[in-house]
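I am attaching a structure below and will ask some questions about it afterwards.
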Amino acid sequence: MSDQAVSLSVPSGAAHADALGPSGPKPRHIFSRRNIFLYGTLIVAALYYLLPLYVMIVTSLKGMPEIRLGNIFSPPLEITFEPWVKAWSTACTGLNCDGLSRGFWNSVRITVPSVILSIAIASVNGYALANWRFKGADTFFIILIVGAFIPYQVMIYPIVIILREIGLYGSLSGLVIVHSIFGMPILTLLFRNYFTSMPEELFRAARVDGAGFWGIYLRIMLPMSLPIFVVAVILQVTGIWNDFLFGVVYTRPDTYPMTVQLNNIVNSVQGVKEYNVNMAATILTGLVPLVIYFISGRLFVRGIAAGAVKG
Amino acid sequence: MAEIANPSVSIQNLSLNYGAVSVLQTLNLDIAEGEFIVLLGPSGCGKSTLLNCIAGLLDISKGRIFIKGKNVTWEEPKDRGIGMVFQSYALYPQMTVEKNLSFGLRVAGLPKEEIAKRIARAAEILQIEPLLQRKPSALSGGQRQRVAIGRALVRDVDVFLFDEPLSNLDAKLRSELRVEIKLLHRRLENTMIYVTHDQIEAMTLADRIAVMKGGVIQQLDAPQTIYNRPVNRFVAGFLGSPAMNFIEGQLEAGDAGAFTADGVSIPLDRYEFDKDRGSAGKPCVFGIRPEHVAFGDAAKAMPFTAESAVEIVEPMGSDTLVWTKLGGRNFSFRVEAEKTLRTGDPIRIGFDPARASLFDTPSGNRL
Amino acid sequence: MSKSERPSRLFRNLNAKVASIPMILTALVVFVGGTAWTVLYSFTNSKLLPRLNFVGLDQYYRLWATPRWLISIENLLIYGVISLVFSLVIGFILAALLDQKIRFEDTFRTIFLYPFALSFIVTGLVWQWLLNPDFGIQGVIRRLGWTSFDFDPLYNSSIVIYGISIAALWQGTGLIMCLMLAGLRGIDEDIWKAARVDGIPMWKTYLFIIIPMMRPVFITTLVIIASGIVKVYDLVVAQTSGGPGIASEVPAKYVYDYMFFAQNLGQGFAASTMMLLSVMIVIVPWAYLEFGGRKRV
């Protein structure tokens, strides 16, 4: 790139009308070097991300003999749903042999109340912090946010003691409380920021009309914050469904959530390894968050971005 | 429009579409060497789009662009001999002012002494020498805009492109910088293309103004011509504040013709029709600017006078805007600030139809 | 709001205070109380049950003399460096590629991000299968004829932590990409235009203009990655259970095993306190930079 002034000193007499030359859009080739590099890289990366999902699916549809002989990347010669059935209803985890179905229903019984409770608490917190600041509120909030960074390992044992004291250790209710506690920082932040961004006049007007704390929350804030609730639900369902540590610490074998049970099935040392059943079980466990992910699309991105950036 | 012999920038049959949306349609524009052109128009009319096409930041759909006689339609922005100043300044925030000015030159591989010389010159012209070691975040809005201009200046180019450079500044600073840009233009004598939707900026800066609407240049003329002889109703209404008065009515055939509306008849013998005057009964719009309306004794001397009553008085400091009714329409005129008028006062107004504009109603074109 | 003086300060905003009780309890009892409790009991010789029998720094001496802990720390460091470097680099590159006004942007983004929806357990098990020496990648390539091909990170104690890192990157880079993409999209279009007019090549624009402008995004991303690194647990449990031998142990697993299997609470508490300390080393300077200069939050 030499000096522009030089490259442009075309004789000023040049009559532009005759100097036709290029016109219209600059021609672009679909297979320009830029495009080959760009899409090539993206496609290679996409293959890397898709490969495990593909292998999981094909493995789960093969019979064991085919797995032992064949190649994990080759599609099944003979599709069988046997492994899926087995994973769901008869795979063994040490004591019982009723498959992942037990873990699935446990996870449902854990996730639903945890999501509701944690969002209810956090949205009220966020609302109080945004609109009804009282002295000291910010201090608690900062503790909460800092707490989000403390490794769980530091707090799991004290919580065991607290739950034991109130008689909930090992029960699903105990785990629900734990999820609500650890979901609180990010969700509170999410709701606080959302409510803070809502026009204050709205809140003022409602107060002038005589509405109180709960009245404003239920009749004005809740109906207006549907999007953020959806984001919070996505965040929590995925997070709680995928949890392993709290499940394994705070529940007993017959109330283990799906992740814990999956790990026990796959990593159990007894018996012959049935890779197809293992992969079917793995897909089954990943299915709920995957479905949420593919349905919610951009909202999911917003959810995790909101949760991650700020938390 | 008059042919320009050696245009500095020449745009020929330029079209630009975003998919199915057509933003600019077969636009032609020739800009003379050293001319200051202002692109003026309402938001979304395609001013920035046109500027970006000239800069090479957008791929055009049809047509050609010449700068200094060279076809630059397919050139990269850096090779077009243009410098550009953005509304948001677009300074590189992590670099000092000096780095901001020199970065492009260093990348282009210019010798050190040359870079230093150009920066010194730009800093001297823009009076930003004391700021050279600061980062943009430590500058005021006006200073930032100066640096942004400096970045275009050091490129030593023929054509400057400005995209609403002053609209992020407060009113006072804006008028100061407006004067500075005018002085800069006088000193550099470069071609400048300046986008704005502020008509005062347009009127004060431009050699010629291009008024745009919906991706089409409506009128390209000297500011006074555009102001006094707008080619259509849109241009007439867009320029001027307070806005031109419009009265809808029709042409009457008489010895010299007249305009009638709701009981008023305005003689048109002094009005210069553009082409054909049109047949009798033709619906049209009569427009007259508030400052061309006389009142009281001065009105008596005018070719057209009417009696009316004051409806609203709006003092604006330097003068006062008075609203009344004429031809069944709201009608405003300007009086000196000292005049005290009250609502309901009977008044006499008058004007010279030679200063008015007459537009065909369906097409909006000047008659 | 409600600044007007009322008789009692305590009852002002009473409803808000009542509603905040769960938050206050969580903050004070669980976060502050629980942390303090664990730190306190890390100075005791608690075994099966917590006992306030102080032994000074004994647990810490023992901890740092335990090979398993040392391996855990070493693994964490390797895993941490790999995660940080590669997820930032890959995440940024993917985001920059997606930011080129490409076709199918949504499809690509969906593909890169979906692993993030999966749990570490699922991630670990899939990669355990892919890296299976007999049937996985190594097996396939050997069967293709290259019989000396070696790629069995999960069964080779010197590289097992890299095998785990591959899985972690697969799961987590999508998120980093999303954060980076949001950062890139937040940059004023005009900056790009100005750089083009200045004739600055794209890679230089990224390196000298865009990346410096994205410093805040990078810092937050760094903190997110760092706090995730310390917590790594499920992935290891699922992929290797700490094996072969103790070659892929990590601190979080050490804590869990000593608390709930080895019945050596004191060791568990000391190890978890060390984890807390390491997080503080990352968080405190960040919080100081982020909030120290300005007024809070």
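When the chains are written out, they are named A, B and C in that same order, and each has its own residue count from 1.
Assume a contact is a pair of C-beta atoms (placed from the backbone, for glycine too) under 8 Å apart; a residue touches a chain by one contact, two chains touch by 3 or more.
Bear in mind the structure is a predicted one, so any value in this text is a computation, not a measurement.
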Central chain of the complex, centres being mean CA coordinates: A
Pair with more cross-chain C-beta pairs in contact, given A-C and A-B: A-C
Interchain centroid distance [CA atoms averaged], subunit B/subunit C, Å: 56
Where subunit A and subunit C are represented by their mean Cα positions, the distance between them in whole Å: 15
Geometric centre distance via CA averages, subunit B-subunit A, whole Å: 52
Multi-chain contact residues (two or more partners), subunit A: 1
Junction residues of subunit B - those touching two or more other chains: 78-79, 107-108, 155
Residues of subunit C engaged with two or more neighbouring chains: 199
Subunit B residues touching subunit C - in the complex, by the definition given at the top: 52, 55-57, 76-79, 82-84, 86-95, 103-104, 107-108, 151, 155
Subunit B residues within the subunit A interface of the complex: 6-7, 10, 12, 59-64, 66-71, 73-74, 78-81, 107-110, 155-158
Residues of subunit A defined as touching subunit B within the complex: 1-5, 7-8, 10-16, 19-26
Footprint of subunit C on subunit A - complex, ascending: 1, 38-39, 41-42, 45-46, 48-53, 55-56, 59, 67-68, 71-73, 121, 124-125, 127-129, 131-135, 137-138, 140-144, 146-147, 149-159, 161-162, 180-181, 184, 188, 212-214, 238, 241-245, 249, 259, 262-263, 266-267, 275, 278-279, 282, 285-286, 289-290, 292-294, 297, 300-301, 304-305, 308-309, 311
Residue numbers on subunit C that touch subunit B, as the complex places them: 188, 190-191, 193-201, 204, 208-209, 212-213, 215
